[in-house]
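By letter and in written order, the chains are A, B, C and D; residue numbering begins at 1 in each of them.
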Amino acid sequence: MTDTGVRIQLALLALAVVVALLAPVHRRALLSGLVVAGIGIAGVLTGWLALTGHAGRLTIPVALPFGPVTLSPAPLGGFFMLVIGAVGAVCAVYSVGYVHGPAASRTSWVALAVFLTAMQLVAASADVVAFLLAWELMALSSTVLVLTEHAHRATVRSATLWYAAMTQLSFFLVLLGFAVLSAEAGSTQFADLAASHVDSAASNLAFVALLLGFAAKAGIVPLHVWLPRAHPEAPSHVSALMSAAMVKLGVYGAVLVTTQLLVSASTWRSLLVLGVGTLSAVYGILQASVASDIKRLLAFSTTENIGLMFLAIGASSLLRPYGSTDVADTALVACLLLVMAHAAFKTTLFLGAGSILRATGERDLDLLGGLVSRMPVTSATFGIGALGAAALPLTAGFVAEWVLLQSLIHGGGTQNRILAITMPVAVGAVALTAGLALMTFVKAYGIAFLARPRSEGASQAQESPTSMRVGLVVAAASVLGLGLVPGLSVSVASRALGLGDAAAAGSGGIDLVGLGATLHPGPLLLLALVLVVPVVVVSVAAARRRPRRDVDLAWGSGGVRVSPRMQYTATSYAEPLSRIFDDSLRPERDVVVTHSSEARYLVERIQYRQRLSDVFESRLYLPVIGVIERVGAAAKNLQNGKINFYLAYSFVAFLVVLMVVTL
Amino acid sequence: MVLLLVQVVVMVALTPLLVGVMRQVRSRLEGRAGAGILQPWRDLRKLFAKEPLRAPGISWVQAAGPVVLVTSGLLLCALIPLVGTVASPLLTDDLFVVVGVLLVGTVALALVGLDAGSAFGGMGSSRHMTIAALVEPTVLVAVYALSVPIGSSALSRIVNARIEAPASVAAPVSLLAMVALAIAVMAETSRMPVDNPSTHLELTMVHEAMVLESSGRDLAWLELGSWLRLGALLGLIGTLTLPWGMAVEVAPVPALVGVVTLAVRLAVLGALLATLEVFLAKLRLFRVPELLAGSFVLALLAVTASYLTVTV
Amino acid sequence: MSDQLFAQAIGMCAAVLLLSAVLLVWRRAQAAALPLMSLQGLALASLVAVLGIQAGSRELLELAALVLVFKAVGLPLVLVRSSQGEQGGAPLINTATSLIAMAGLTAVAYVVSAPLSALGSGPTVQAIPVGIALVLYGFLLLVTGRHAIVQLVGFLVIDNGTSAVAFLSSGGVPVIVELGVVLDVLLVILILYVLTGRIRDEFGATDLDDLTELHD
Amino acid sequence: MAFRDVIRLITSIGRIAEPAPPRPEVMADRPPELAGTVQIRHVDAGSCNGCEIEIANAFGPVYDLERYGARLVASPRHADVVLVTGVVTHNMREPLLRTVDATPRPRLVIAMGDCARNCGVFADAYGVAGAVRDVVDVDLEIPGCPPEPDAIVRAVRSVTGR
């Protein structure tokens, strides 16, 4: 059955390309948007079919020596197709109203359609060749999409350079890993790879290569540098698609490798995944909490959430040999819940950021403010997204984090000393991440939407058009929906992992069977509503007697000129944090005082500039790039224009080959 | 279900008295006569009778924030087993949910501070959120430590286990966890070592700076909400340290006994906290992370100790 | 013809091939080198003819005639016209070092041809190292040549070497393959011919070092 | 002071606050909401700091104004009474108006000390804009330069009625 689904998607892709190329300019956004949304919805259906066990098999003869490419999504692949399809559909509907300038050109519409379909194919592929082909197609189309606004800003080019380099590095590592694995197992089909239980020295190399490759695509810390660069530069609906869907394929790969292809009880592998996950979670949210560009903040928050997913995967593979298996399964269910929750709220947040960017032309939080009255729908949906990202109760984020914490604290550390050490540290890291995430999203929402506008653009902001609002509302509804009825998402996640309905309870709540922990958000919300009634009644009664009076000045201890510049900005909001974590953020601060010309004692203007550096970039990437540049320079004078040298090189090569062949 | 509502009503009545007791104890220790225990109630009544003011540029958050804070306070009082430990099947009294509800209140308060649009509101909100972010690891790992011996993070099961095995209350693991939780509660409810509630110097404020702009009934809800949170958290610590006298089944007599013991517990803890505040000076803001890091290490020790003692 | 005569004939052709290559390198492939090129073509044609007679196949004999026409007469003529009597000039390394290098290359040729000669026995197989040595000498000429002409000669020597190896190891290749190879060689020669013409128009001489000015 | 000394100090001195003098009658047209509880926001409109010291004494342990339900607050938003001390200088005229306007109703303005009542010794100084009653309407006045702490206590008790 799923083969028909995939065929429909490919047909829709062709249609999308045709529509993008031929549709008249003023109709193009609407038509292409709808067709791309169609691809998304087809993806959702195919994913659902794969999840409910109707896996069909579609083989496309490709003129490669490795034989035909087979596309038959397993339940796990189906789950990711479902998530990516949903995100794609919402982003497509949103983009109909959002695209302007270069983002509305034919190339970016075609690239968008190709990008969404490529992601679906990656999740649907059943063998290594299909996987790699779709992976590279996804990388190329997303590079084109990131480049859309290169004419407007110079930083787009350098960001795309970083992005392209890192995605190709990821492709190379995945290729290397799969090559070694297929060589060991002797076949390229995932089913055979899983069945062959490869467990040799080469499998360690394959594991590390695949892990690093998928970590590079997912934006895990040592390889995350492209994420905070590419996402802010891409148009918002593209960065939403990349952040909510594309990085999930990194997680899909990691789950695939750790649970099916390279299952092994060696603790160093799970500790590696756990360590990398924890590091990315804490470091990502730390950088997000001090970032003042809204999209850079959201990009780093993606690194944090991906870190949590890797932490869940690492914990599950660590717990499996020691603890009981259903605790390990709960950790995996937590990982998939995190995938769904992150897809929901990150889409809402990025689309909200896009709507702010379109209305105010500003991306820097320090220049926004006062949008809550000017853009009600955007602020409401962004607020719900922020609640989800901060993992506050009754949102999808909270449910995912709750299941993760339950699986960690039931880690059964009593049997084993390693668990007794790692589980508390992991819980501490998750808690610190949750705390900093709370701080980050209060800052993002508070500074961007509340108080008075800090720039001209912010004061003239208007609400965005209907298609953008529809996209925003649907995404925000999914954040609340997944939060209030977690039973549904848990059953989908456990079916994707082949655990049957291990952890779903009747009234939409969760009953983690092995752990005896239950969570029913419905009654909790009901109780909250019951409790809020008396409060509202008393407020209304008091309001009738003493109505609210308007005053013409906020209280700034009697000051007369209360200008928006006196308000806190995102940089000052995060200043205590950057001071507390200064050893890992390395802030460079300088204060420039300009005295008035008449008297040295009177100060005209004080400027406070702060630049936060990414310690991984300065410590890891710059030295490596320096070495590469030096090697490049040295290699340059190999090419000195003398033909004889060139002939000599080939002669030496010829001799070496001869010698090698004979010896 | 009935027990929860009883608990909420009792807490709404008791918490202002708790704050009254704390202020009374503090004045008596300073040699003053003190304004009497009912003063907070009088303040509240008067605040409801005053008109709230709205400055330009302030949004609906100024009115909605306090309501959310009070509701989260009420929800806390409902979820935490204060009067009785009867766990209702549908309602999850899981500690992580409790912490989540607490954080909803914190976020609401921070947004009210930010919405004021004044320098003090932003400053208070930034400091409050920074401290909340650093408190969270301590609270969650302390919860983890409490849940290890029982194997579940549901509060009612933890308290029941403590009632059945009184020795476990004095075990080193639970003592470490309780100290860490106490520090975290003092930080979260802006009490003395972290923040001075009765300060007038705006630059030293954390909690007070956020409510500078609120007036009338908004201020009343903010005050009541903060007091409810303080009462609920003190009640939580009280229940965990002195779990005796709590109602085990839903019946009038045990409920009455539960209410009385709850009142006594709150009075004792309130007085203790007030005396502590007289002796402590306010920590510099950037020394607070050291205090929180210390409490985090305590909680971490509690967990590893609970694992190792169980294995040994 | 008797085996013994056949072995001598093969030995003779191989020796002439080798000798012509050595002389080419020695005389720095100047204008005087051109008769040596036709000598080499002749030796190659006779080698093919001997093989044809031994195997008694008419096809090989036609091939020998083809090789004779092209390699002994055609290509050297093109060489003469493109060099237009220009002196070769000193190669990059002096003659003594190039001769020593040739000795080394011969040793390498013998080591390298070990697996080839293990394929079978008989006089043709023993002569294979000569073919490989010829190829290596051609490369040496290419690398050390300072003028375009020397490159041409080097390239031709390599081509002769490869065809010699082909003939010696597999008893000749089908006509089509040989025709293909010869046509390729013709094409290369034409290109080099045009190239040297352009270099001469540009720089007045075909000294390759002038080309270094071409970089940006 | 060491922990032990503080405990010894507390136990040895015990209660410092003097017994409450007889309750004065409630002032005319006092808003009924302020019965028993009044939040005071002090504004120094140009005082020589004499009155501030007396206010501190009034809230000190001996007179203990808090026992009657009064409290000093940081923001006029929280206040019911604006306690103005000193003459109103030109610079402080605008902030005083702002502060009184920033106080939610029902509110009272108390002018404390002779400077506030009739510019006192600074009557015709160049920097003086006038007495408090020339800028805002005053509900209660406390005479004296500076007024005795128990005068302040009597005035506040006449507002709270305790």
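Just so it is clear, a residue touches a chain if its C-beta (ideal position, glycine included) is under 8 Å from a C-beta of that chain, and two chains touch if they have at least 3 such contacts.
Note that the structure is predicted; figures quoted are calculated from it, not measured.
Contacts with chain B and chain D are shared by A.
Ranked by the number of C-beta pairs in contact, the top chain pair here is A-B.
Among the remaining chains, the Cα-based centre furthest from that of chain B is the centre of C. The most central chain, judged by C-alpha centres against the centre of all protein C-alpha atoms, is A. Separation between the centroids of chain A and chain C, computed from CA atoms only, is 64 Å.
Here the spacing of chain A and chain B, counted between their Cα centres, is 35 Å.
If you average the CA atoms of chain C and of chain D, the two centres end up 116 Å from each other. Between the CA-based centres of chain B and chain C the separation comes to 96 Å, rounded to the whole angstrom.
In chain B, the residues touching two or more other chains are 49-53, 202, 212-213, 216.
Multi-chain contact residues of chain D (touching two or more other chains): 75, 77, 102, 104-105.
Counting partner chains per residue, chain A shows two or more touched chains at residues 549, 551, 553, 555. Of all possible chain pairs, those that touch are A-B, A-C, A-D, B-D. Residue ranges of chain B in contact with chain D, taken from their complex: 27-36, 39, 42-43, 45-46, 49-53, 199-200, 202, 205, 208, 211-216, 219, 278-279.
Against chain D, the residues of chain A that register as touching in their complex are 549, 551, 553, 555, 558-560. Interface residues of chain B, counted against chain A in their complex, comprise 4, 8, 48-61, 63, 67, 70-71, 74-75, 78, 90-92, 94, 96-97, 100-101, 103-104, 106-107, 110-111, 114-123, 125-127, 129-130, 132-137, 139-141, 144, 147-148, 151-154, 202, 212-213, 216-217, 221, 285-286, 289, 296, 300, 303-304, 307-308, 310-311. Across the interface of their complex, chain A is touched by residues 75-77, 94-95, 98-99, 101-102, 104-105 of chain D. Listing the residues of chain A that touch chain B in their complex gives 289, 370, 372-373, 390-393, 398, 402, 405-406, 408-410, 413-415, 419-421, 423-425, 427-428, 430-432, 434-436, 438-439, 442-443, 445-447, 449-452, 507, 509, 515-520, 522-524, 527-528, 531-532, 535-536, 538-539, 542-543, 545-557, 562, 564, 566-568, 572-577, 579-580.
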